[in-house]
Amino acid sequence: MAECHPVGFQWVMEAKRKGATIIHVDPRFTRTSVVADLHVPLRAGTDIAFLGGLVHHVLENDLDFREYVVHYTNAAAIVGEDFRDTEDLDGLFSGYDPEKQQYDPTSWQYENAPQSPAAGERDPGQPAGPAASQEPEEHESARSEQTGSGGPTVQAKPERDETLQHPRCVFQILKRHFARYTPQLVAEVCGVPEEDFLRVAKALTENSGRERTSAFCYAVGWTHHSTGVQIIRTASILQTLLGNIGRPGGGILALRGHASIQGSTDIPTLFNILPGYIPMPHAAQHRSLEEFVAEDAGSTGFWGNMDAYTVSLLKAWWGDSATADNEFRFDYLPRLTGHHGTYDTVVNQIEGRSPGYLVVGENPAVGSANGKMQRLGLANLEWLVVRDLTMIETATFWKDGPEIESGELRTEDIGTEVFFLPAASHVEKKGSFTNTQRMLQWRHQAVQPPGDARSDLQFYFELGRRIRAKLAGSTDEMDRPLLDLTWDYPTEGPLDEPDAEAVLREINGWDDSGDALSSYTQLATDGSTACGCWIYCGVYADETNQAARRTPHWEQSLVAPEWGWVWPANRRILYNRASADPDGKPWSERKKYVWWDAEQEKWVGEDVPDFVADRAPDHVPEEGATGPDALGGRDPFIMQTDGKAWLYVPTGLADGPLPTFYEPVESPVRNAAHRPQRNPALEDVAEPANPINPTESRVFPYVFTSYRLTEHHTAGGMSRTLPYLSELQPEMFVEVSPRLAEERGLEHAGWATIVTSRSAIEARVMVTARMRSLRLGEQWVEHVGLPYHWGANGLVTGDSVNDLVGIALDPNVHIQDKVGTCDIRPGRRPRGPALLDLVEDYRRRSGAHPAEEDDA
Amino acid sequence: MVPEASPDSYYGRPIIKPPTWKTPDVPLYLFLGGLAGASAVLAEGAAVTGRPDLERVARVAASAGAGLGTVALIHDLHRPERFLNMLRVLKPTSPLSVGSWILAPFSGLSAAAAASDLTGRLPRLGRAAGMGATALGPALATYTAALLANTAVPAWHDAHRELPFVFAGSGATAAGGLACMFTPTDQAGPARRMLAAGALVELAASERLTSRLGMVGEPYREGRPGRLMKAARVLTAVGGTAALLAGGRSRTVSTVAGAACVAASVLTRFGIFEAGMASARDPKYTVEPQRERLRARAAQAASTMAG
Amino acid sequence: MPTPLEWPLLRQLRGRDRLGRGAAVESGTTKRLTPRTSRADSVVDSVCPFCAVGCGQKVFVEDGRVTQIEGDPASPISRGRLCPKGSASTQLVTSDHRVTKVRYRRPHGTEWEDLDLDTAMDMIADRVVATRREYWEWEDEQGRRTRRTLGIASLGGATLDNEENYLMKKLYTAMGAVQIENQARI
Amino acid sequence: MSSSLSGPLHDVAGDAGHEDHPPRMGFFTDTSVCIGCKACEVACKEWNLVPEDGLSLSGMSYDNTQALGASTWRHVAFVEQPTGRASRTDLGMPGIGPPGGAEPPAGPGQETDSGEGGVRWLMSSDVCKHCTHAACLDVCPTGSLFRTEFGTVVVQEDICNGCGYCVPACPYGVIDIRPGDGRAFKCTLCYDRIGEGMTPACAQACPTESIQYGELDELRERAGRRLGELQEQGVDGARLYGADPDDGVGGDGAFFLLLDEPEVYGLPPDPVVTTRDLGSMWRHVGAAALGLVGVGVASFIGRRR
């Protein structure tokens, strides 16, 4: 965190000053470790084993925050008789289809729960989309994409045993499931000595209860794994057991890496969702608006109003043309048939099915996994638009990409037409970023963009205008969504830029008299409201840009509610009803945040209460109530369909209702925890340029992991071009332990070549005791640490780490492992075709090959 | 492996910055200043005692030394166009400031004296100028020792007691030597004596410097500066002895001995300059004496407490 | 024009700074020194464009040019602080490395060419229209309505504004393009 | 005059002729909370428009800046230190890492007494010390370097003629001549900013308050308290550096809390301002000059030849 988010880290230092214990768990000794009370190096990709060990420790020693767990989680819920755990099935859950590498989650349901179509219904015989041409059937994961911000739906509140003794209650299942995650197993899998592990366990559990909370912070060290979702699930289970969710000083905090990566998920430039985490409709089951909203409308909690959110979105987009009669133009939405993630797109590009590509403020030739695949895709386009501040590698792959050097591609043979359009910087346009804590902050425009540089807002507005002009008069039904689109934003300034505040106002939404809405609770199903993103509703309340609020922190409370605007409803801590005990009283004076004021008969406190404002703690909903009305006074998790935090996930995940440790796709060791080596529901990407190193390969004996440095930013486009940052870290380097350096004859400050079955890159060597040799039983494991910021362009250049990374995806979110196996050898890499020979030699010797259908 | 933290330095890097002064500018200036300053003294003596040949040589040496020295000094500036800024202030804490205020009038006065002597014009004014230069000469010849010593460069700073004498002696040696080279032997007696006396002072002061400085004096004894210093000592001794014993009898001996002493003076300045540079580059010369000082203070404090 | 009386040497002799180390030697430029931010025509509230912490920035503008970007002390998130990247923001927006002209590489071309922005926009619009039509898909092989095109893909958004992402998603969706992705998955 | 050259000097600005001056301002750099982010380096360069200073990898841990200089006014040192080291043959111990003690080790880094040694990564943002007795300022012949009303030491770039005297005078190796420009440069403690009540760029940027700016007296108190805290926590090796008005430079206007010997960070252990010996120097110069006069006179005494 100190390494990648130094300014955010000031709050950790603040906590430390007040006596907090800082524990840093990371294969790498970073700038965070420097000031941590304890640094625990573990083998990259073994987080589920480590966290699972902590869960085991909590359950085994009855150290959970029982009152919290009983009332606020689904620990008491009874699971159906058909469920079989990994303990029963040798590392697999019930419902696994080994041929398809997929789970049928039907058996994971609560007892007596009606089948949830959202996650339960399979879609047999569905033809593959182009991207999935290697897979005869659509992956279940495509379906797990289709749950919105409410999470997957369960249609009824489960049976509960609040004594937690029922053998099929979640608590008991959890206990059995994690029983094997002993300190010994943690040591064997993670390379963390028992004593260290127990120190972490002790610190965490001693810091749990009414008086104390602990927070977890993570970044791509957890997400970029083929089991990434389940890693975070494990942390969620642990934090929930310890009562650390919805309370000040608690939580699981994602530290995101781009200025508005949260915003681009909320208002998604993502294939699987619409603004506000409304799923994209699926061809199989969403033939009508009615079908689309059916499974969610009527469920418990605020997600039960998903129909109103959807209709309001359609009204925002298609305006007057969207009416109840035409289902508010629901049919104008394109449908999914599978997953269309970025790596599917790349496969489509390589295979010639997707010839047009617009890349805006991103540099896949350096920043995306398997750089070669990215560039082979780029080279097979008809046209490519790149918008950026500087000449990034994605725009110049055709003249100086690694494949040109190696002779795989020739510039003259590449037919891609490339448009490089200069972009406006953050001070040359106005608009809002949503930061990692869901806070929208408005930026005012300081200066005009230089030359041809334009904001992306203007680019897309202008592109839309031109397309609509070219199609004007078309009677073709395929052009109706474009022609009926509301696309008439006011423009301003010397460049006729669309007014970003007008766009924000549309995102916020308005009522039928055109006034800005102030809350998503106002959204209606009858088309009387329009709202571009329901969770952002309120950002323009009172016709005021709430994101532009800047009351200095010294003029307000620590929560600082008058700075920017946080979705939803300017609420700073989600699920903060849980900061009070079941009776609505603060758990303790120290941890007072939101509580029930019996006199005023409403929830009050430091923050906007995340609850129905006047719902008393003892409220019991009527039988058959739906939506927010179905929430009881002790159901703090108001977006969950049962109002409880889920220790066990009965539906919605592609790879199991509970986290289970599987090795990364490429690993130097056998899975010591379970029989299956890799995530059984893993998504392989079958491409010749994407071979996978075999497990326990002697040819690829080391673990590589890629990471960031404080001094650079992601793929380098915004840092390798700046002298002040380039001089701080001027060259690509690789970090290795003294032991590995000795083993491979690597010299400090000399050169090394790192090889995987995808490619080989070179780097200067940093031999440092900060890289730790880990001992797993009889075996040593060495990490090869790779900062990934370099590429061919800019002030400082170097080989790109992502060229080494293979692609095999987490089935829930389609994100790849950032760890894998490699070899490292002294000296620089070969140039030209000799590089290909080297990699080919490694492939041959290791037996690495692209994924195939039967590759389990 | 990332070099382990060393108790002595940060990755072996120097702690202080070696001077940015250029060679040959600065060592040459040190030499020229000494030569000019001592020559002015010699010239005045010659004038008083009626040795016109010696006076002329010495006047010219003083003037040329100061002139060339000024050129060397300005050339060493990284912003030479701003050399006049040297006269913005007079700072007693800055030997370079004080030196500028010595050098500027000295240059003018010595030039006037030399011009008068060569042209025969304005003899009284010339004489007065000569006396003025003479008054400044000894300071010009020695302030450069403070210039070097008033730095954090260990080999220079720690030598601040001896360096002025080394420089005075070296200046006298040079002035005497130069005069010996260009003055008929019958008028060169004082020059030879100055040369010999200077040589004696310089050798004695150098000896004391290297012996007193101990470890910090290493650069004066070792490496290139050590070799320069050694050559200077040999030339000084040989030249001084020869001049004293045979300089009066043979013009050749006088000339050669004089040249040897001039060369010795040049070598001394280069030696001292480079010894300082070497001591700045190696952090041990900065760290070890300081650490020793701390130890001594701690020991003293402990004994005071015990007492 | 400075008078001879302002010769530092005389000031030194006249005043308290006898050693010439302080007040006496101040130059005129030094006396007139002010921070360049005090000359700014406008100071604009902004947010750091690098990571997602969302540190507040103040942008100082003089004569239409950014002269300084620094942390906004009022921000409850950052309290005026910036990391090295955020601290390099002025350089980011004023960098010579920025490309400010449209560049065009024709198919099989070996060099960049110049292209007028308006022409470029029109060419891009043409290509979008054509590719969309060519790769249009009303239904999948099972006859299920899909109403989309897989011919056009987009990548990026995490570094853009919410408003920009909104227009992108809106336009792409209306276009029928579904392969819309950003850094969140990478 | 002696207190003007060495030893404690409370009113540095007054000593330099400033009347009715503000309190002395300075930096306290607490390296125990430094995370080595280098924000200070960049913020300094952005504000002061200091040019880039070389693009080469040093191999000195994460320090590619390497030293203070004309184009580096803040420099973050990175020191990697093995802790509790055991011989390589001990690598066979199960696992690695810190020991299973009851309490987490107080203080940064990790310590271990089992198996392979741990590592401590020290970071420290170095800067001009703005000495009470500043040698660079003393030796500057042009008055380019001067003492401001805040008690700081600043180069006036319109005056400096690049004589370079300040460079070897500094006992810390801070100031240097910028190649290609020819003038001397160093930290100004953002003289322009503090004149308007703004915080120096580095201190404002510093995420963890490792760099603190303020009135020197107050900073010294704060530093004393912080040292007490760390010592109470048993942090080995914590000490203040440059905070003592009795030291060889009369105390630094920018001082530090270090976690190891100063030399480890590239700082001199007991720096002394060279002008402390100014009197002695001038006396010896005077004596030598007189000696030269004596030599001159003696040369003309005796035989007339």
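Read from first to last, the chains carry the letters A, B, C and D; within each, the first residue is number 1.
Just so it is clear, a contact is a pair of C-beta atoms (placed from the backbone, for glycine too) under 8 Å apart; a residue touches a chain by one contact, two chains touch by 3 or more.
In this text, all values refer to a predicted model and were calculated from it rather than measured experimentally.
Between the chain pairs A-C and A-B, more C-beta pairs are in contact across A-C.
Averaged Cα coordinates give chain A a centre that lies 25 Å from the centre of chain C. Centres computed as Cα averages put chain A at a distance of 72 Å from chain B.
Chain B and chain C have Cα centroids separated by 58 Å.
Here the CA centre of chain A is 45 Å from the CA centre of chain D.
In chain C, the residues that touch at least two other chains are 8, 19-21, 24-25, 69, 73, 81-89, 91. Listed for chain B are residues 2-3, 88-89, 91-93, 97, each touching two or more other chains. The set of chain D residues that touch two or more partner chains comprises 37-39, 41-42, 46, 59, 61, 80, 82, 138, 143-144, 159, 207.
Taken chain by chain, the contacts link every pair, so each chain touches all the others. Interface of chain D with chain A (complex): residues 33-39, 41-42, 45-46, 51-57, 59, 61-62, 64-65, 80, 82, 91, 93-101, 104-106, 108-110, 114, 116-117, 119, 121, 123, 207-209. On chain A, the positions that touch chain D within their shared complex are 2, 6-7, 9-10, 13, 21, 23, 29, 31-41, 187, 191-196, 198-199, 203, 709-711, 723-731, 733, 739, 748-749, 764, 766, 768-770, 772-775, 795-796. The residues of chain B lying in touch with chain D in their complex are 2-11, 13-21, 37-38, 41-42, 44-46, 48-49, 76-83, 85-86, 88-89, 91-97, 99-100, 137-139, 141-143, 145-147, 149-153, 156-157, 160-165, 167-169, 171-172, 176, 185-191, 193-194, 197-198, 201, 248, 276, 280, 283, 286-287, 290-291, 293-294. Of all residues in chain C, those touching chain D in their complex are 8, 15-27, 29-30, 33-38, 68-71, 73, 80-91. Residues 4, 13-19, 37-39, 41-43, 46-47, 137-138, 143-144, 146-149, 154, 156, 158-159, 190-193, 195-196, 198-199, 201, 204-207 of chain D are the ones that touch chain C when the two sit in their complex.
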